[in-house]
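Reading through the structure tokens given below for one structure.
Every chain is named by a letter (A, B, C and D) in the order it is written, and numbering of its residues begins at 1.
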Amino acid sequence: MSGNTFGKLFNVTTFGESHGLALGCIVDGCPPGLELSEEDLQQDLDRRKPGTSRYTTQRREADQVRILSGVFEGKTTGTPIGLTIENTDQRSKDYSNIKDTFRPAHADYSYMHKYGTRDYRGGGRSSARETAMRVAAGGIAKKYLKERLGVEIKGYLSQLGPITIDKVDWDEVGNNPFFCPDVDKVAEMEDYMKALNKEGNSVGAKIVVVAKNVPPGLGEPIFDRLDAELAHALMSINAVKGIEIGAGFDSVAQKGTEHRDEITPEGFLSNHAGGILGGISTGQEIVASIALKPTSSLHLPGRSVDIHGNSIEVSTRGRHDPCVGIRATPIAEAMMALVIMDHFLRNRGQNADVEPITPVIPASPAS
Amino acid sequence: MSGNTFGKLFNVTTFGESHGLALGCIVDGCPPGLELSEEDLQQDLDRRKPGTSRYTTQRREADQVRILSGVFEGKTTGTPIGLTIENTDQRSKDYSNIKDTFRPAHADYSYMHKYGTRDYRGGGRSSARETAMRVAAGGIAKKYLKERLGVEIKGYLSQLGPITIDKVDWDEVGNNPFFCPDVDKVAEMEDYMKALNKEGNSVGAKIVVVAKNVPPGLGEPIFDRLDAELAHALMSINAVKGIEIGAGFDSVAQKGTEHRDEITPEGFLSNHAGGILGGISTGQEIVASIALKPTSSLHLPGRSVDIHGNSIEVSTRGRHDPCVGIRATPIAEAMMALVIMDHFLRNRGQNADVEPITPVIPASPAS
Amino acid sequence: MSGNTFGKLFNVTTFGESHGLALGCIVDGCPPGLELSEEDLQQDLDRRKPGTSRYTTQRREADQVRILSGVFEGKTTGTPIGLTIENTDQRSKDYSNIKDTFRPAHADYSYMHKYGTRDYRGGGRSSARETAMRVAAGGIAKKYLKERLGVEIKGYLSQLGPITIDKVDWDEVGNNPFFCPDVDKVAEMEDYMKALNKEGNSVGAKIVVVAKNVPPGLGEPIFDRLDAELAHALMSINAVKGIEIGAGFDSVAQKGTEHRDEITPEGFLSNHAGGILGGISTGQEIVASIALKPTSSLHLPGRSVDIHGNSIEVSTRGRHDPCVGIRATPIAEAMMALVIMDHFLRNRGQNADVEPITPVIPASPAS
Amino acid sequence: MSGNTFGKLFNVTTFGESHGLALGCIVDGCPPGLELSEEDLQQDLDRRKPGTSRYTTQRREADQVRILSGVFEGKTTGTPIGLTIENTDQRSKDYSNIKDTFRPAHADYSYMHKYGTRDYRGGGRSSARETAMRVAAGGIAKKYLKERLGVEIKGYLSQLGPITIDKVDWDEVGNNPFFCPDVDKVAEMEDYMKALNKEGNSVGAKIVVVAKNVPPGLGEPIFDRLDAELAHALMSINAVKGIEIGAGFDSVAQKGTEHRDEITPEGFLSNHAGGILGGISTGQEIVASIALKPTSSLHLPGRSVDIHGNSIEVSTRGRHDPCVGIRATPIAEAMMALVIMDHFLRNRGQNADVEPITPVIPASPAS
């Protein structure tokens, strides 16, 4: 597989560049019989889309998804679901000045070495714009998991640069542009972002994603453990530099008596494991954290070289997010949904839901 | 793929339980022409093998690898390489008492839910014993990468429970049983482990792995980025709960001006990226850190339930490592080698090395 | 992988139903630097498209392909190429009468058992309409193979129902609506098809596909042999019931002295092998034949059952091809191109063409 | 995947050369709970093994299989099953004379071009000896399919060189060394083979394989159709040059009214489809035929070239089968079993059989 497909039984293959005609993806392996409309997918796309607050890029994209196949009379048929989103607000000339430069912390230099060429407009394929299709595809997985298994997948921002949260109020997450679950930190975050914008700088963030009601038994030892595939999925999101499952790096200094989640007939007494043991879900909440680096596009100049090897100074004038982590919550939810969906199908098959149909025709009249 | 295969073009498929007859693996896709002997693989197997110090499990296994195929007249032929290691020191009766229990923090409960059954002897397939085959397979990748590309992959222990290191002296790593690169911390670690053993407890650890001289251009956006596949590979190691690439979780509080690795014609000025931008190698050192949880097998009793749902108390009497992180360094090196090798082949093909042979026979005499 | 993707390194994933909004595909893994335009792909699409003669379905589709991504300034970038073709001439009401019937020899019954539902309009996903995307994707492979390796892939119709050909004149293939290479049989075929249309019946056909100048050494033993993957690819075309490589079924009655292709320094003396030995190309012409069954949609009534199990009589009123084999030549060429392309990349890598770029930035100023 | 793995959810990966230390394979994805012993697999291995009659190679191999993992207390656990067979009767010096020659119709020339090297002893990896592991792996699939679904997979020889059969008596197949179902043709076949041996020549054969009681609904459109994967699987068997499903090449001259299998409530009225429509099983018998070319190793000299390009004459002195088709029946059965098993799991999942276990521990005491 050439890199743009995720999953074994629930496959998502995406295409599209930041400033191309359209983004698209094919979701292959969705069980038949799921009610599905474009509105179902639009909800999360709107949570991710740019231009919704002053703290994200000012590029205006409707991010209106179209379902081109795989749904008949309002339900999935089991055949591949084709999705597209047209790009409408490209301003490619903003980027012509970077044609010959390798911007620090961007993928310019590494793409050139891999491909010998690159679509430099807005980062081309390396732009986080491609994550729109992940959110659309993840929306299908989320809907299936919720309706058939009661699984709920939700995330929040747990740290914005230096600002950490003190509490998790799930109801608050949707009430502010940061996906912050602590209402008492929102004003601080607003002030921080304003100062940052003024400075022309960017900052990192930390996101937590949680899946509730995942049935025990999902995950494929040895290499396709649920946690290994979650790490894969989450690390594939632009700007992610770290992943934790459950206690994560806190495990290093823990003793065994502290880390192990004791079990009683009434329930697990803690969840340092983050809902996964031996690479297989336990039925506890699956909890993952991710670290996102600061946006690489800055108004503040930095040293670099051009494609001829000359020393240059680079600063970005195009529109961009000052903190890519802010819009990452729905993306991380989508990736977790894709992983869980895929593992559910690996256990139970694409068509396990299908009721045996009648009539069954005998092989031959005599038999 | 059913979970026990890693890689797309350099495929490693493993089998074997802790107390079965043998462990084995098939390495498929190794380019032809590589000189390879059992001794080449034994070196890293000996670094990982149990019973070499008082700080690891006292199980005695020679871990002697056999090459059953794929090598002819001392060189690889391009056909699959079959490897086996026999298990010799199983004491399965040590484990019969856990047949009906779900040990906390072990895979007992999750395996039962997935498979409806489990080989309870020594953890069966969920035992870290399977990692021996990863080290053997990784040894092939390491040798190829070193000989053909000059790539060197090395790791060290950067934290043992509460004890952190102050310096990295690569020459010191092989001189102590902890893979510790800071000679001044070795005595402290010895004392800590003695106290831990006495207490009957276990502890976590942190490992750093570094690959030098990796050519720029390796990695397959979007989903098969080099960092995403590294995260997958490293998280698939038993007991790993966290992964960082480059600056990792420190990125969260960094500003863009601090994080971005500026470039001069003389070289990159820093390496917060950990050698990967846009999911593709840059030519800088690839740096990954992993967090390993404390060993789950403890002499200290913990609460749990049996398979009938009754409340019980569990303590482990079998032999085990008090800190699984200690032996994890060669395993992490092996997994990093497998990822880089696979991506090298995806870029350049399995047979890119093969010199065109003569004679070339025309399609037909007339043509 | 969920069934709608073909290839390991050169991946084609398709979507789309006969009467949906659009067909589409994603071609992932195309090497960068290939000149590519929509016109390049349109040529073969026009050879396959319906409504071009009285011997094919009268559905009128422009089959105009759009390239949505992966091409920048006229050349491929190495990122996924998104393609779509809109459906314009669906007459879905033609098919409402078959909603509750299982037509003999169609996929109605088997789809219902697999999915529990089906898009009955024009056969939905089981319609040969999806092959348009194979032809588009195959066009990319064909162009690469021709420009970089000089490979030419061409096919012809070697039998139409009872009418066999006596000679192969490649120049004639494009001059008649049957892809017939024997000008002396065209009139006979025309008469046969007129009579068949009048009768309301359909008939089978046989197609031969040939690839010239394929370099020796392509194919991956054991399971991914070049001939095995060709068989897979060709059998996946709608209506195909048989595959032959080289001498095919004639091999059964051959003796070893007759079948073996003797070799001289001046060239191979025969080609019963069809250009493949041990699953690997030899440099001779790769020759495959396929048998296509008669179209299943007939005006002549046949016995069947409805979805309630009642005995019914079925005849088709919608537009359809009286001989699906007639339009199969470009499809078979496309599938052969996809297989050869994929195996070329498995040998040589996606980016083997990429010239090393400058500058190469050192890992750090000191190093 | 690098060529030596077959299947998506029921994966078989093999290794081993004709004259290496051992053959082996890993079967990954077998559902847990299947009773399995070495004796279960030995039965088909004995049907395939060499030296059992004067009509096959005189190499003597016990072909004794060992199960190294994945079975606990007599039942599969869901973890990978490692299998090995030691080679005992290699006479490698028989082959030293062919080190520098390209034998006509063998894989010598194509392997050299692919790998730049080859293990020339007995054909190395290209020898049909590797099919022993397919038979072992297929035995697991056969047992599962029979016990859980009542599927029976059986084959017979339908043509030996010029000798065709007139009837199919399944009970007769096991009574003669040819797998011939027509007792009246056995003597003729014996005489033919004696004459052939005397002549030093070889001949082709045709095999039919049938699967009964396959449930409707197996197969994954578009590219992973059941017939496409059967074609892949069967064409991957050494010496196979042609594949037919159902009516196969007879479809070419059939009219639609003749080919279509009409349906009545009492059953299908014919089976030209060979049990597959739209790439999905219908519940009818799945019927495939394969053509095998004559053995390439002959005592009669043939023209060839050596590795220096000089014209030479080649004749084979080593032991070999005069008709490779004779032993192909259990191999073809095995490959069909692997395909059906894989598709069953893709529909229903690896663990669909697993009964929900108790206890289910709540996520936490409070929840």
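Operating definition for what follows: a contact is a pair of C-beta atoms (placed from the backbone, for glycine too) under 8 Å apart; a residue touches a chain by one contact, two chains touch by 3 or more.
Source: prediction; values computed, not measured.
Between the contact lists of subunit A and subunit D, the overlap consists of B, C.
The chain with its CA mean position farthest from that of subunit C is B. Residues touching across the subunit A and subunit B pair largely coincide in numbering: over half of the numbers involved belong to both copies. Mean C-alpha position of subunit A lies 26 Å from that of subunit B.
Put simply, the C-alpha centre of subunit A and that of subunit C have 36 angstrom between them.
Shared contact sites, meaning residues of subunit C that touch two or more other chains, fall at 1-5, 8-9, 14, 79, 109, 113-114, 125, 216-217, 221, 263-265, 269, 282-283, 305, 309, 347, 350-351, 354, 359, 361. For subunit B in complex with subunit D, the touching residues are 1-5, 8-11, 13-17, 20-26, 28-29, 32-33, 66, 68-70, 72, 75, 77-82, 84, 109, 112-119, 121, 124-125, 305, 307-309, 350-351, 353-355, 357-359, 361. Against subunit B, in their complex, subunit C makes its touches with residues 8-9, 79, 212, 216-217, 221, 263-269, 271, 282-285, 345-352, 354, 359-367. Of all residues in subunit C, those touching subunit D in their complex are 1-6, 8, 14, 102, 104-107, 109-111, 113-114, 125-126, 130, 159, 161-162, 196, 201-206, 215-225, 227-236, 240-265, 269, 272-274, 276-283, 291-296, 298, 300, 302-305, 309-311, 325, 347.
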